[in-house]
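Taking it in order: structure first as structure tokens, then the write-up.
All chains are identified by letter, namely A, B, C, D, E and F, in their written order; residue positions are counted from 1 within each chain.
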Amino acid sequence: MVKKEKVMALEAGPDADLDPEMRAYFAKCLEKLGFVPNVFKAYAFDNAKLRAFVAMADDLMLGDSGLSKLEREMIAVAVSSVNHCHYCLTAHGAAVRQRAKDPELGELIAQNYRAADLPPRQASMLAFAVKLTEAPDKIEEEDRERLRRAGFSDRDIWDIAAVAAFYNMSNRMAAAVDMRPNREYHYMVRERTGDEARTPTPDRRTSPPSAPLSRGSAARRRRSRIE
Amino acid sequence: MVKKEKVMALEAGPDADLDPEMRAYFAKCLEKLGFVPNVFKAYAFDNAKLRAFVAMADDLMLGDSGLSKLEREMIAVAVSSVNHCHYCLTAHGAAVRQRAKDPELGELIAQNYRAADLPPRQASMLAFAVKLTEAPDKIEEEDRERLRRAGFSDRDIWDIAAVAAFYNMSNRMAAAVDMRPNREYHYMVRERTGDEARTPTPDRRTSPPSAPLSRGSAARRRRSRIE
Amino acid sequence: MVKKEKVMALEAGPDADLDPEMRAYFAKCLEKLGFVPNVFKAYAFDNAKLRAFVAMADDLMLGDSGLSKLEREMIAVAVSSVNHCHYCLTAHGAAVRQRAKDPELGELIAQNYRAADLPPRQASMLAFAVKLTEAPDKIEEEDRERLRRAGFSDRDIWDIAAVAAFYNMSNRMAAAVDMRPNREYHYMVRERTGDEARTPTPDRRTSPPSAPLSRGSAARRRRSRIE
Amino acid sequence: MVKKEKVMALEAGPDADLDPEMRAYFAKCLEKLGFVPNVFKAYAFDNAKLRAFVAMADDLMLGDSGLSKLEREMIAVAVSSVNHCHYCLTAHGAAVRQRAKDPELGELIAQNYRAADLPPRQASMLAFAVKLTEAPDKIEEEDRERLRRAGFSDRDIWDIAAVAAFYNMSNRMAAAVDMRPNREYHYMVRERTGDEARTPTPDRRTSPPSAPLSRGSAARRRRSRIE
Amino acid sequence: MVKKEKVMALEAGPDADLDPEMRAYFAKCLEKLGFVPNVFKAYAFDNAKLRAFVAMADDLMLGDSGLSKLEREMIAVAVSSVNHCHYCLTAHGAAVRQRAKDPELGELIAQNYRAADLPPRQASMLAFAVKLTEAPDKIEEEDRERLRRAGFSDRDIWDIAAVAAFYNMSNRMAAAVDMRPNREYHYMVRERTGDEARTPTPDRRTSPPSAPLSRGSAARRRRSRIE
Amino acid sequence: MVKKEKVMALEAGPDADLDPEMRAYFAKCLEKLGFVPNVFKAYAFDNAKLRAFVAMADDLMLGDSGLSKLEREMIAVAVSSVNHCHYCLTAHGAAVRQRAKDPELGELIAQNYRAADLPPRQASMLAFAVKLTEAPDKIEEEDRERLRRAGFSDRDIWDIAAVAAFYNMSNRMAAAVDMRPNREYHYMVRERTGDEARTPTPDRRTSPPSAPLSRGSAARRRRSRIE
């Protein structure tokens, strides 16, 4: 693999001889995204480390879950905002924009999810993820209860926790080695979406019905896309 | 003025009868930007408050200074990143993208300026601005000395401090009233800039010469634009 | 203007040729206070900066508002206490002592407003100002609602926010340039006020009626002065 | 003992039958200060607790030490500033004013010792006390070495630590029970001291000679009093 | 006294000529514990300081109180956990293990009391102690009210505060001088206690009855020992 | 699998039908440790999640690395100390005791690594891990340089970062679901080791030679075991 730009500050060694599964994984990235995310290139000096990272990331973000894929990306971005992680905010900010088909939502969560006027389900989900990030030692049963009251099952709570915990790892890995995101992420899903003729793009999961919002049309549109 | 979307969470009252100077200012915003920034609409319930805010902001960001306009916008964004200010990150992130003609630099500073591989001059400038934001009570003469060693005059230090302090005010004002940025900002200067045929776009001020960078071409391009 | 003592650590340049309005402002300070506050002298190297600062400070602290002038000074001091700002605690601590005609109240707020046994209106006002100072990114609608429940209008909330935000700017400016308060402030309104024969000194605004206090006579006296 | 004002928020019980030594101690307070400090009244519900507190406080603040009594009061106030302790800032702020014969120094340390332009000896002493207050778990040998380089013996370092640690206890005790200082403290040593005809008032200990200061005459006067 | 291992990083001086009472105290330590705790050896360079420290520690931890001796040790350990104090976690962790006859409880509190599934009385007691440690300036009447609702008298609240405050002093003293615990503490009460044939070992005080717990048998056993 | 005690606060579902590899893994745990660590039981509701977690943990803690296995456990414990993680401090504290054959070292790191008088190599390693835990956004090239100066290769730095990052994930997972460690951990390697007749137990890697220590014999013994 020719690396045109350094993907991190460490010289951890040349790329390993990747096994067929990992080679296929890289090929699929190229095909679907047009590039291999730099985080995978950074891990590629060691096949076992790459496999373990890919397996965990893919299970968490793409596997079966009571959380929609968009919701999981929102957690990734909210956690990365607290940790000011350049790599993850860039890559997963793009993922939120893409999954929500909403160029503004990615930035809202990256900046401060409290400004995003989210439905109660997502607001409580992100409040838990942020508390777990900032003060894990202060989590108590009441925090889990709050998620249950917002409609999450115990299995959902595991998933919220697992995604938030995973990005607390990834953020620190990226910071420790100065990981640099592929430049392509900056330019994905930046075009303004039409405001009227939008076909609703329901995610797999819907959140419980919630009261109508008082904000303007942008927030209402955003909301209808998340819910 | 017809407000199609609410600009903040407070009902501070109807727009005041703006004086001719403020009306001209709004007209100029419309002409140059295509919209009146919502922060000005938020202050418009009171002509005196609007005038005072506009006067201070314009003097700081556009007035005579040893800091380039891009550098002042970089300070605004770095401070707003610490404070997680949705409004200012959106509006001034766009301004950094625009002044640097670099869609990536705005996000870098908004996420974590330490990842931006900045020349020493700008890195020390932002380090001071961030310390002043996080722990103003811990600023000591040594902090000013560090700026002097990085080539800043005492008057420059005043300006760094004044811009950083101003956005500590604005961030809090925006948070307190839940100020909402114009949606247009999200879409400004998002197109990828060509990597080769770029005419250097020198800002008014140049930073002192610095050692060549080891990062890839993107950082080098960025650097040449800032310097 | 002969400066007998340095007013800050920076040599920002000689005093500008002040315009007639600013010269008149300085003259009025001398007449009313006996001295020109050093913060104005610090800004005097640039007429435009001085004008902008004076305009904003005067509008906030002396302009029309649902908050009494004493309440605005209390916010200035509570914010400056969090930020440990020597200049503002000295100057605005004196202002609280003077406006409250209570030498103890200025110190109470400067030390820790929670020890001041304030009426609910002022306690909630300062709690908001302190949260806005310490964690602006965590302000949510519930914080504004709490102020509304304490009797504040939306316009009042703007003013609480604007004063708290302004001193977050001023505190940082003072810290950044090591601004030094006029020595006179230390000695203003220090004499113990008589405990019985006090004529109540109602401020323009009164707070809503509140339950009788259990503390001793000093707190009761203080309370009657604030309310 | 007739309590005209409550000295704290707890009803810990009636005053104990104080032993002759404690009664004599209270009498001496009355004679020397004109009042019994409320902290002693608060402990007076239990003779053993009062004795233990008095013994420790008196040994630390008045006993034999390489630190002057003024320096020990400065530590008490700098620690209490970090902890925003109303009681201790009031009582020991008065003590600094009194021992330094300088009404301004007490406030400077109570607000932010970094603004006080202190000689290196006292600045390093307070830097250690503040770090010990804010982050005791981060103290390392280098912190002790810095004190040794500033001229302190190991025994002096013990005393700096012991005074700083003691006020971390007292501040918390005062906060926990809402201890209220005697009103008299507010009014002690507030008159402006003459600026020229001052007879130097050397404390028992002198600090090592230090370079001349660049600040104005007030700081020079202050400095000559501390050293 | 022959010191085989240094008890701290400072050379504060040789042991003082201890008075008969302190010599008897050391002898009693040797008889009961098999060693003199290093904290006492550290203070032994000065008889008055040693006496004052012993008097206060013994009154707080062994004197008459509405808190059981185990509860007081739990407070010591919870506070020391926040401050990451090696000496106190070692010495008082052993004391919790010993008084509770539960090798696991000492570690639970040393690590994070929130994981210990404590009865409401002890949980609220430690929550207060931890808040008083982390943010003494934020204690308000509501914090005391919460303790009253959990069944504590005002005198009990004094004792909770006094023990928590004392260890905020001791933790800092230990950190400042790098105090090193006697190695024996590490090995005290480490053997697993039988799970069935335990005779309940009621402490002097019992906590109010509380709802049955849902956790497994270990927590139930622990609970019955604390209550 | 019969669960006699709940391993966490969530009911994430019954154990999955584990694949042969995971069944073999559990059997090996039972054989080597006498129990299956509860963290694995907690993940056992989902075979894919369990596999991914086991793969990553085993690669990091047992795979090829320039860090010794003891050093990796020390990082796990130092990170868990910052995060106050009951599960990881218990399980990995036992692992440090076991790998170091030193019952005291595990507690030292769990309480505060700065008190452990470690050789420079391990001290700088843990300082990096702790900074990465507390302030990942503040990591800069200078932090990596410090590790290089302490003798670590870039590949070693990756491993330090990866272990520290992984426990920032695990700590949060354990906190989020209230994971409870197997009771057996508390009792492992608690017996005091002989002080003289110890055969040095060199770990695979040795740290660079370092200056002789001034502390007593316990620290010297500990040091010789780590190095």
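Just so it is clear, a contact is a pair of C-beta atoms (placed from the backbone, for glycine too) under 8 Å apart; a residue touches a chain by one contact, two chains touch by 3 or more.
Bear in mind the structure is a predicted one, so any value in this text is a computation, not a measurement.
**Q** Check every other chain and keep only those touching both chain C and chain F; list them.
**A** A, B, D, E
**Q** Could you name all chains that are in contact with chain B and with chain F at the same time?
**A** A, D
**Q** Which pair in A-B, B-F or D-F has the same interface as E-F, with over half of the contact pairs matching by residue number?
**A** A-B
**Q** Among all other chains, pick the one whose mean CA position is farthest from the mean CA position of chain E.
**A** Greatest centre separation from chain E goes to chain B.
**Q** Based on mean C-alpha positions, I'd like to know which chain lies farthest from chain C.
**A** Measuring from the centre of chain C, the most distant chain centre belongs to F.
**Q** Distance-wise, how many Å sit between the C-alpha centres of chain C and chain D, to the nearest whole number?
**A** 27
**Q** Between chain A and chain D, what's the gap in Å when you average each chain's C-alpha atoms?
**A** Spacing between the chain centres: roughly 52 Å.
**Q** What residues in chain F touch two or more of the other chains?
**A** Residues 84-85, 112, 137, 139, 178 of chain F each touch two or more of the other chains.
**Q** Who touches whom among the chains?
**A** A-B, A-C, A-E, A-F, B-C, B-D, B-F, C-D, C-E, D-E, D-F, E-F
**Q** Per the contact definition, I'd like the list of chain A residues that touch chain E in the complex.
**A** 137-140
**Q** Which chain F residues qualify as touching chain D in the complex?
**A** Chain F residues touching chain D: 112, 114.
**Q** Spell out the part of chain A that touches chain B in their complex, as residue ranges.
**A** Interface residues on the chain A side: 4-6, 81, 84-87, 89-90, 103-104, 107-108, 110-112, 115, 178, 180, 183, 186-187, 190-192, 214-218.
**Q** Give every residue of chain D touching chain E within the complex, in rising order.
**A** 9-13, 45, 48-49, 51-53, 55-56, 59, 63, 83-85, 128, 132-133, 136-137, 139, 141, 144, 154-155, 157-158, 160-162, 164-166, 168-173, 175-178
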